[in-house]
Amino acid sequence: MTLNEFNKLTKQEAIAELEKCCVSKCWIQHMIENMPFASSNELTLKTADIWYHQCRELDWQAAFEGHPKIGDITSLKEKFANTKNWATNEQSKVTDADENVLKALAKANDDYLNKFGYIFIVSASGKSAKEMLSIINARLDNTKEDELHVAMGEQHKITVIRLAKLIDDVKSNADLRSHITTHVLDTTTGIPGKGMQINLNGLTDNIWKPITVGVTNNDGRIADLLPPGKNLEAGTYQLVFNTANYYKEQQQDGFYPEVSIQFIVTDHDHYHVPLLLNPYGYTTYRGS
Amino acid sequence: MTLNEFNKLTKQEAIAELEKCCVSKCWIQHMIENMPFASSNELTLKTADIWYHQCRELDWQAAFEGHPKIGDITSLKEKFANTKNWATNEQSKVTDADENVLKALAKANDDYLNKFGYIFIVSASGKSAKEMLSIINARLDNTKEDELHVAMGEQHKITVIRLAKLIDDVKSNADLRSHITTHVLDTTTGIPGKGMQINLNGLTDNIWKPITVGVTNNDGRIADLLPPGKNLEAGTYQLVFNTANYYKEQQQDGFYPEVSIQFIVTDHDHYHVPLLLNPYGYTTYRGS
Amino acid sequence: MTLNEFNKLTKQEAIAELEKCCVSKCWIQHMIENMPFASSNELTLKTADIWYHQCRELDWQAAFEGHPKIGDITSLKEKFANTKNWATNEQSKVTDADENVLKALAKANDDYLNKFGYIFIVSASGKSAKEMLSIINARLDNTKEDELHVAMGEQHKITVIRLAKLIDDVKSNADLRSHITTHVLDTTTGIPGKGMQINLNGLTDNIWKPITVGVTNNDGRIADLLPPGKNLEAGTYQLVFNTANYYKEQQQDGFYPEVSIQFIVTDHDHYHVPLLLNPYGYTTYRGS
Amino acid sequence: MTLNEFNKLTKQEAIAELEKCCVSKCWIQHMIENMPFASSNELTLKTADIWYHQCRELDWQAAFEGHPKIGDITSLKEKFANTKNWATNEQSKVTDADENVLKALAKANDDYLNKFGYIFIVSASGKSAKEMLSIINARLDNTKEDELHVAMGEQHKITVIRLAKLIDDVKSNADLRSHITTHVLDTTTGIPGKGMQINLNGLTDNIWKPITVGVTNNDGRIADLLPPGKNLEAGTYQLVFNTANYYKEQQQDGFYPEVSIQFIVTDHDHYHVPLLLNPYGYTTYRGS
């Protein structure tokens, strides 16, 4: 539907549609109060604002409960009938993975639930089971407090993806790319560095706090490193590229166990921080 | 109109529309014979094939005659009524330029006509008078034989731009980006290197032959370095970046009077050859 | 004197000479026991071996007591008459510094003594007061345990410098360069990056431990990052370049608050880890 | 002998010694007239000055006649008895080469003599037969006029090497490094790029003129790219790295058939122009 059509829905109809995007009552309630939206941009920015500033920990965890466990195919069939189709699609790549990865993923999901008290949330679109395994293992290292914020960011990405499926105007809003983007080029092979895990951290009180974890796609990029409409505050941030695993998978030696790039964010402009990598050298720069 | 609508035009109607794109009788005749086109991709590839392989020198020069002289505003008003609107629009940036540049551009146009025997053809969309002056001066150095091929490429770019205005399907064909692209990043300022002249040359019998000349836009790129659908043959090519002028305009010293990057093209894959530039160092790589 | 002449000294004479290099009785005793030395290389390696593996915390602290406080010119005149000339010379650059730096340095020396319980030891040769201030402030952040090891390394550097003044063969031993070296090139200005603070850390039990802190000289290098003859064990190490201060001094903006390069050391080969720096980009590689 | 001892030689003795370095009567005569030399630096600069500005084409060719043909072992035994020992030593690596390379080298020597009218002169110290073959083949492409200047430079290098063997002070003069130096690092392997042919050219009247051709040693460097004491005039120069052959020898694909770096020389400061190379990317900078 168009944004115009969405704005004209009755309250009951709008609640039913928004529930397909995120089941948090807090978020839905505030969204309804803000209708009609003047533009898809306003709707997306309001989504972020409500999520980060109006909702509280219980609201966030309530939203997490609205998801099937990633990799748990049987639970997909039973739970939350109205989001089933989209969730299946978003997780469609899991089925291609081999048995061992799926078993490890299932175990990691259990470990995650045990450690954090809620299921593992990840914006799974386009990710293979192996990539998800890499992400969940990285996030299992987080403290409870840190991981809550990482999971919130993932829920936010999922919400926006679903809003874009719901409302045509959101989909075509090209301005809402991730505030931070990166790109890994392997200049030994001349092709993008794919399947590389990258952590984005922020410096708070002189300590690095995890913001998100992603894995590069076949073009060496992570399209959704940050959720659309989520701008980082001015401060010092860090991208950490897991080069050790990248070279291990290629059965190649490398000089750098990881590459970490610290940089300063001062405004809402887009920040592109690429990595040109080879086993014994690398280059980074502020791109555009 | 859609491609479907175009395919259904009578021969007379189709000729009238194609004339708005390129006045060469040879090209129009072959295009008519190839109608209907199964896809916009086929239409674009056929456009290139006819232009480079079916037409001859007289056909190319006939096409050049269908254009007003760039920068000569008065001739715009008189000549070729049916392309007038588009041409004005394509040259709209000229009016922003200062008087001296326009005078120099007018003189260079005269010199060009005197040297080569036909008017200066350039795909002017988005280019300022200053950028066009940079391009025409670079092309005035070419031999007659070389320049004919450069001008043919420009005519081809213009033809495709006009086909895209005529037929909706062509416009939305995102696959037809330039076979070779580049991007200049100034890593001293952290922003794209704009207004830099770049020459693309090809190695033929151990001699560098000019293929095209462009100027980077505000994003440090040249969108139309090669015409859509024009693939370079396997061989050795060269991008030459005019860094001397770039630094001169910034009243800054630089170590490199020019940067030339020689590279090998083996197939129809896309080749991205960026330059990360600073006054005393630079990096290039095969991008994606 | 030559190594041969040194080997022929009586025990009493040898003790008197070695005391000029390092006052630790433990180190001197073991050195005497190892005389005669077959080569300057053996002497230098034995110096390192005794210092790190035979001596204990009290021995190290005893060695520290043999030094005047850096920047405290008056104490130089009173204390330890037999090392006075060398120490004065090693600290000769202090006198060029301005009053404020000297005051800050004196205060930092007091803070250091209060925090760690022994005076600030640094291989001062060639360093200005400002550079020493940069180093002492960085080291004041260390824990007591970490700083003890950093100070030991500095004492070791001083010992070798003095051994080289004492014994001609040691001086001319060119093989004993630092196991790790670096070089900062500023590719915006085309000249070496001088006066930049660099920390060398090692990864132990997943925690970065400080090994040493240095400041680049006019050629952008730190000649004595590690003491001669001191080889790092196989493991993961990190160079952190303080780029924020570097650009602040030049009143220039930069994208990188620091540059940290993590790398793997596997053997006793020399490791050269340079940095090509500009405000919005950098390159590193394994050099030679 | 020392410079002091050399200065005290009789005219006859001095001529005999200088003849061992270079047989040109013009050069010897002017050298004698300039005795005594105040320093080894003055002697080296005067050597260059006489060679390039006092001597003429016939003098240069006379000097070339004083050499055995490289690779032609039998002629070594007959010709020019007084330079025999040194020449043998300088060409000592030839014997390690395999038969085919030696045959190709012999043929190239013949071709060279036929084309240019004098024997192939190259400062052979430390070069293998294979490296010499690479160099002679590159130089066979030169015009007669260009090659004369390249050969003159080689004669000059040989003269200085022999002067350094003759006079101790010249040997220990570390200041006389090549005005231009380079260094190839292969950042895929992490080791220097060895055996790579590099051409140094200068821009004269908009045409690139060859100045010298060298091959990188095991440390990726060419120590004697220019003769000691030979400063290039202010102007535009170019280093061309033969990367095609480098990768071919490693049976590896590369994107760059060659890497050419154009740069501006403005003074007698040292210019270090390194190349960090990998198959799909490279970096250069002004080093120190």
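Every chain is named by a letter (A, B, C and D) in the order it is written, and numbering of its residues begins at 1.
The criterion applied here is as follows: a contact is a pair of C-beta atoms (placed from the backbone, for glycine too) under 8 Å apart; a residue touches a chain by one contact, two chains touch by 3 or more.
No experiment lies behind these values; they were computed from the predicted model shown.
Looking at subunit C and subunit D, the chains that touch each of them are A, B. At the far end from subunit D, in terms of centres built from Cα atoms, lies A. Annotation: the subunit B:subunit D pair of sequence copies touches via predominantly the same residues, more than half of the used numbers being shared. Averaged C-alpha coordinates put the centre of subunit B at 46 Å from the centre of subunit D. Centroid to centroid, with C-alpha atoms defining each point, subunit A and subunit B lie 40 Å apart. Note: centroid distance subunit A to subunit D, computed from Cα atoms, is 59 Å.
Counting partner chains per residue, subunit D shows two or more touched chains at residues 185, 187, 190, 255, 276, 280-281, 283, 285-286. Considering their complex, residues 183, 185, 187, 190-192, 219-220, 276, 283, 285-288 of subunit A touch subunit B.
Listed in rising order, the residues of subunit C touching subunit A in the complex are 236, 254-264, 280-286. Residues 185-190, 255, 276, 278-281, 283 of subunit A are the ones touching subunit D in the complex.
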